[in-house]
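In the part that follows, the structures are each spelled out as structure tokens.
Next come two complexes built around chain A: one with chain B, the other with chain C.
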Partner chain A sequence: MRLLRLREVKAFFQGHAASHQLGWNWIPRLSLSPKGLKILAASLSCCGCPTGKGMSWAQAILLARGLSRGWGGICSTALTGAPFSQVTPQAPRGLHCSTAAHNPDSPLVPRPPEPQRGLVKALAPHEELFRQAPDGVRDKASFVQAVQNFTQYNVHKRGHVDFIYLALRKMREYGVERDLAIYNLLLDIFPKEVFRPRNIFHSIFLHYPRQQECGIAVLEQMENHGVMPNKETEFLLTQIFGRKSYPMLKFVRMKLWFTRFKNINPFPVPRDLPQDPVDLARLALRHMEPDLSARVTVYQMPLSKDSTDATDPTEPHIVGIQSPDQQAALAHHDPARPIFVEGPFSLWLRDKCVYYHILRADLLPPEEREVEEIPEEWNLYYPMQLDLAYGRSSWDDYEFNIDEVEEGPVFAICMAGAHDQATLAKWIQGLQETNPTLARIPVVFRLSASSGELLASSSGLEETPLTPPEGREEEENNQQRQQQSQS
Partner chain B sequence: MSGCGLFLRSAAAARLGRALVAFTASRRPLRTSPPSQAFAKELFLGKIEKKEVFPFPEVSQDELNEINQFVGPVEKFFTEEVDSQKIDREGKIPNETLEKLKSLGLFGMQVPEEYGGLGLSNTMYARLGEIISLDCSIAVTLAAHQAIGLKGIILAGSEEQKARYLPKLASGEHVAAFCLTEPASGSDAASIRTRATLSEDKKHYVLNGSKVWITNGGLASVFTVFAKTEVVDSNGSVKDKVTAFIVERDFGGITSGKPEDKLGIRGSNTCEVHFENTRVPVENVLGEVGGGFKVAMNILNSGRFSMGSAVAGMLKKLIEMTAEYACTRKQFNRNLSEFGLIQEKFALMAQKAYVMESMAYLTAGMLDQPGFPDCSIEAAMVKVFSSEAAWQCVSEALQVLGGSGYMRDYPYERILRDSRILLIFEGTNEILRMYIALTGLQHAGRILTARVKQLKQGNVTTIMETVSQRVRDSLGRTVDLGLTGKLGAVHPSMEDSAHKLEQNVHYFSRTVETLLLRFGKTIVEEQLVLKRVANILINLYGMTAVLSRASRSIRVGLQNHDHEVLLANIFCTEAYYQNLFALSQLDKYSPENLDELIKKVSQQVLEKRAYVCAHPLDWTS
Partner chain C sequence: MALVHKLLNGTYILRKCPKPSVASCPFLSTRFADYCSSSLEKPVAAPGKASSQRKTEGNLEGHHQREVDLDITSPEDKPEVSFDKAIKEEIKDHFRRLKDDIVNHWIGPEGRPLHEVLMEQAKVVWQFRGKEDLDKWIVTSDKTIGGRSEVFLKMGRSNQSALLYGTLSSEAPQDGESGRSGYCAMISKIPTGPFERKRFYDWSQFNTLYLRVRGDGRPWMVNIREDTDIIQRKDQMYSYFMFTRGGPYWQEVKIPFSKFFFSNRGRIRDAQYQLLLDKISSIGFTLADKVDGPFFLEIDFIGVFTDPAHTEEFAYENSPELNPRLFK
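This part shows the complex of A and B:
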């Protein structure tokens, strides 16, 4: 038994040595307290491991964790010469708790512990389970089939941890990453009752750490996809790991924090974004515009899909939004002052980036602002202002600590399939129909390149954002660019 | 004391049409003397102007006999010949009913006698209103005709205009309508779109535009129309200003829309009126060119007080009908009238009717005093109180009646529908509350200016004075404004109530001072505060009115005056505690003041334009 236990610890540690490269990213989230670690260390040392080797495992666990919590500086010396050569190179990185964020293509799921050379072959059969799907259909049914095949084929559930890690990685391909039933199915693979701690020492030490970590990985992936565990998950976890286990702790924390964070965004974005760019633009514009009485206008529809090429640059879509208040503000705009078309600015909707342009004016200089005066004969029923010599006392003046930066008015927002001046001029023309005064106001196009960062990050998506205009608008040829929009 | 002396009225009887007696109220020329200090405004300063409200206004025995002679036939007509149910169902007042009303002289109740009207004083007008309101559709039709429709001509018309229009209007040959509301303009005079332009020869104005929700719009042949005209200022700039016109239907270009389908008062005619190139002679300008705003304000302010007595008349009738039901309907071998919860409702109805009647006749009496007093705040308070009490009482009456209150075969649901409009028209109650509070605060603010300035500058004596005042207040000193005691205005049986009134008035004035100090002129934006100020003032006025009336009843020895004392004491006590609560809500840090929370909730709801909360059955995911 002892031998087996030691092997478990070893396996755990090997796993962690590898996962340390990913920055131990589950530990900070679980936030094991240092106090708990000390207890762990203390109990390890007092449980009387007969071999000095056992002692050093325990130390190593402690030290490796300490590293991840930023204790690297203190502990790194102790690690030199330790039997885990993988750990030492990580020591300087100990201060960064999460290195995973630096690697853009790493999935959010922690990688399974990198198998040692000998185990590589063991993974292959599981891969095959997923390749078995007939006629290559990848859906929920085939995923479930693969899982069932594993459980039937492998009655002893040998290698189930590896299989679960593999299945977690495959979930996206099968489009089941948001399916709670599938997660429960994966948890159901674990043998029941085997990993439950049976006495206080079991629960003090990480009992079957590799399995527990795998269980956490499943919950972690659920967390990343916003899947709330349910009663069945709880039931499975108690059956597999018992109440006093780390997966259970994770589960409880998910139950607590999900409810708090689920609706933390006051401007929720629908989970499935529309595919049609016009619909997407409509959604994005509504998302940005606070005024609910604003109207979305489609100024130009894109060429239909069945034409030779859907993204014909001559006919990109133009969708704009304008509220009645903005219309009124534009009607009162002094025609002597130019207004500007600016953009493209980026807006992220879940994993999609869209670009928009705004029509805005500069803030009036203070001396030209008209003071809005209350007409003398305005309200038929009650006085709109009192003829008193004194105002609000500072006691009731809540404005004193509010610092407001005034910006110029925004008159309209648009999203177009192309970001060149010709397309945006069409938008302005469309706006003129509802805003006749716009015809008399000079419009200056101040278009900039959209930021490269956004382009790069969204390049992987199926819908590549259209390239920003090549020609830069320079200040010196502003005069030429100034368009009396009649032209 | 000098009760009857207030009514300087010669009781010369005149015959009009049929054998009707009319009374010559002493018609005063407009604005001969500065308006006397109004009662309500002084309450803001912690003063009770006793000579304004004590004793309760009276009419002489002769006048009373004469009005009763007149009231008799009108009442008979309304109870026997007017079929309210039919009027409501058909949405029209039958022509013969209208003819009868005209022959009774009810179309010219306040038109001076020399123009063929009855020339009733405000008190007499209120008395008749009690009876007319037995049918709300007729009451509204008549009110639109004379309380606002032709009132402009009486208040601001020239002699020629009066002589030309009033006789036919008084006889009912012509019906008048008041055209102010527009699709884009309710109480906002700046957004009036109807326009009158002076013709080339400067003899006509050409009127264009449309008005909505005009009562009598389809019947009327004389309209008081408000339109924008270009007016040259004293400094030479051209401005758009509102001007009032008298427009006859015969001028041409006037079309009425189809009658609106309404919730209540279905017998009255309400429709759109369109003016298209209507040529109005320059002689028909009412008041001055550009002075239409004041004309409109005066008309609106003058018409409100009569609602109190009208609603009281309606309520008295309702109490009779409901009590009849409650005393005959048996449940569990007991009459409904034996159940406490039913009894409570009757006490409430009686109390409300009593208070509004007192307020209405007190205000009418004040208006009848010489010197053309400005009682617009009082009138607005009567309107607010009576309309809300009407809604509440009718609703309670329906509760007593149970299912039969809901059925169309009975008159009760019609009364409920009819009374709903009272809270809306003639200025919604919300707007009138603003008017009540702001007008009073303006008055108080002007007088307290010096004090507030000294306090703000930190004048030591003023501050010490204020502090010592506050300390004395907080020690719970007794406030004595001289209502009780030997030769006091209030009868000793209501001494407690009088003390409550005095105390409320005193602390109200303190709160007003604090509010002015805190908000200054920006109090206009604090509508929740203003609402409470108005509510307190309405209660104070109601308390004064019932105390004054009940005291008079005891002294004169009227029948059942002990019942009046009961009602007065109930109302005063209830109002006292309401006032205390409202006053504590006006404190900045009081736990009763929930304004911040209320504002937050409404802000969030209005931002989303929907109910914000998740469904109670929802899960997080």
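This part shows the complex of A and C:
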């Protein structure tokens, strides 16, 4: 039996106040069971003090000691500053004393807190089970091992609710949060057939509420990570909680809504993104470009020397995409007007952010825009342009009464490992092979720190000092042309 | 009382009143972002706008435990503390709007002739061509519950679009209550008539929502709320997902209204009902995809139109397993 420390008792009183603000979900999270609250309140009133908080800390510690002797432990919230949902009872250290987290008994007179201790996190009861991997490798096998250790350690599965909460928290470290087999394994920890309601009174009142909350927490984590439960989960839930329980209800809802929303993404991104940066860039560029006839070209593969590490190659990869329409537009572009390399802009693929640059030109002012006329002989079967003046009124008008945002055309997109001008210049050089007219057009680099916004074309506020004046760019282009003519 | 509200706040300090407001759903707590100050170019008409914002904020849920002071005077604006002038202008403005309203009622719904309204197939509801268009929106994030996400709204490239940008952080606030966090939202203000009467949108002839956006690949959620005075219905909304493609091209998103599913207090309900379009109060965009990092969304305009090829009335069936009472 262990005395509670002063902090714990303080936390207990604070937790008591906090427990009144409950979120509205199927998991009403209380810091203390109602029985405990009642007993504490009763004993406080017995002590003869008007309010619970009015009594001295010594009395509080005595009381707490008495309560902890009463049953298993007192749930102390906010002891470690952890979120509310985690209930970590400080069980009395009985026969199954573990070596971890043995706090000395606190004296009756409260000691001032030792400043040099720092944040001491009391370990959760079964946390040592998750530390037993000898080489520290955290993967599925060691997780399964830890779970199996628990089931062997404890035939009656005491504290299984806390163990399951702890395991749910640890899943991310072990990298198994999207593994359905692991979730089924966790559900397997529950003792079967015990929590099923057997008569009408069981079913009216929430039978074994903590266990049902725990089951719902497992399913909720599955939902958060997008894991679809299967028949084994259904069977386990029926075996553990019965068909009319809340975890089963949640399972039915998950089955319904997951199947409804499985394929609603018109631009699906695969769950396992490729690790290779070139493949990732290819995927991302294809994702962005709506034109299916666009071609992806790899201008430079990443090349790293053996001495440097792979994350910082000397030559970053450059992958670009351009469609035939864009090529044609670039060929028609007037060499007197500059084109701009803008970027980097961010693109999110699931949880990975990649950056891309674009090559675009400014809008032509209205007087210089020429409307391309299709000659009548182009198609003899039907006219390409009809100017029929039917008296149609607004019932047939599906256009929105707003001017579209006018922006200059985009000629190409690229993704590169580095965002500096040298890399992008290599991209431009590579583009010149398929777009010979690019050699004559001045290219201005407008690179900014990636703030995630597209630059303003009218005000070139974000031009870096690296942007050379156009004269120098033309020189550079001349040099490139010379190099090309030589090679 | 709206006028009393304005009297107390003649200067440009917005105060979030701890209203004993109904059923505060944490997803809809409101907080003003920085862009509000930009609307104060006309110092006379501005108190009306600033206070009308606050009044509509009171209509939406407010987080009743926090009182946030936002002093948003920009350095070059000298606040003109002149109550009488402000009040007079305010009253004149409202009477003018009332007169317009009465006159427009004779012309037709919303001041347009009836045949025009009936035959309309496509309508632009919100456009972003100037700073005053940004005033119709409120931007919130989980800062109201103690999280760390930030979100801002400003005019985009060459004043032709609105840019909603910020950083999402799913770090849960250490308040002992929330286990998860990380959301940002942009909600439209409820349209008001003269004397701040609540009005609604009537989209009963249309069947699809049209958005012209340019995103960064993140999935957003579009929420529509109905106009209702009943307290229990204030947490109900209809939502659907909007998947952005990313990239430098503008993306057209068309969501039929039959696809919106019903949710109450942030949870999808078992009994699903169709979205009825005759009394719509506001629309909102939420980002809560549990991925930390910066985001942006550029919106060109939001409109509604009739898609003649779309004949579905409602996309979600009620299942007898979940709703036995509906199938008796």
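FYI, the second predicted complex is superposed on the first by the 280 of 487 C-alpha atoms of A that agree within 3 Å, B and C clash if a C-alpha of one lies under 4 Å from a C-alpha of the other, contacts with A are read in each partner's own complex, and residues count from 1 in each chain.
In this section, a residue touches a chain if its C-beta (ideal position, glycine included) is under 8 Å from a C-beta of that chain, and two chains touch if they have at least 3 such contacts.
This is a predicted model, so every value here is computed, not measured.
Novice: With both complexes superposed on chain A, which partner does A:L292 reach: first (chain B), second (chain C), both or neither?
Specialist: First partner only, chain B.
Novice: After superposition on the shared chain, which partner residues are touched by A:F258: those of chain B (first), chain C (second), both, or neither?
Specialist: Touch partner of A:F258: chain B, not chain C.
Novice: Could you tell me if A:I402 is touching chain B, chain C, both of them or neither one (first, second, both, neither)?
Specialist: The answer is second: A:I402 touches chain C but not chain B.
Novice: Touching A:D272 in the superposition: chain B (first), chain C (second), both, neither?
Specialist: In the superposition, A:D272 contacts neither chain B nor chain C.
Novice: Tell me the contact category for A:E373 with respect to chain B and chain C: first, second, both or neither.
Specialist: In the superposition, A:E373 touches no partner, neither chain B nor chain C.
Novice: So, A:L388: does it touch chain B (first), chain C (second), both, or neither?
Specialist: first
Novice: Is it chain B or chain C that touches the larger share of residues in chain A?
Specialist: More residues of chain A are touched by C.
Novice: Based on the A-chain superposition described above, do chain B and chain C contact any of the same residues on chain A, and if so which?
Specialist: 393, 395-396
Novice: Along chain C, where are the residues that touch chain A in the complex?
Specialist: 116, 119-124, 127, 156-158, 160-161, 163, 165, 172, 174, 176-180, 210, 212, 214, 216-219, 241, 243, 245-250, 265, 267-268, 270, 290-291, 293-296, 298, 300-301, 303, 305-306, 316, 319, 321-322
Novice: Mind listing the chain A positions that touch chain C in their complex?
Specialist: 15, 18, 21-25, 77-78, 81, 83-85, 224, 249, 252-253, 256-257, 260-261, 264-267, 269, 284, 287-290, 345-351, 353, 356, 358, 360, 393-402, 404-407, 410, 413, 451-458
Novice: Which bits of chain A are touching chain B when the two form their complex?
Specialist: Residues 226-228, 258-259, 262-263, 292, 375, 377-393, 395-396 of chain A touch chain B in their complex.
Novice: Can you name the residues of chain B that touch chain A in the complex?
Specialist: My answer: residues 180, 187-190, 241-242, 293, 296-297, 300, 427, 431-432, 434-435, 438-439, 441-442, 445-446, 449, 452-453, 456, 516-524, 588, 609, 619-621.
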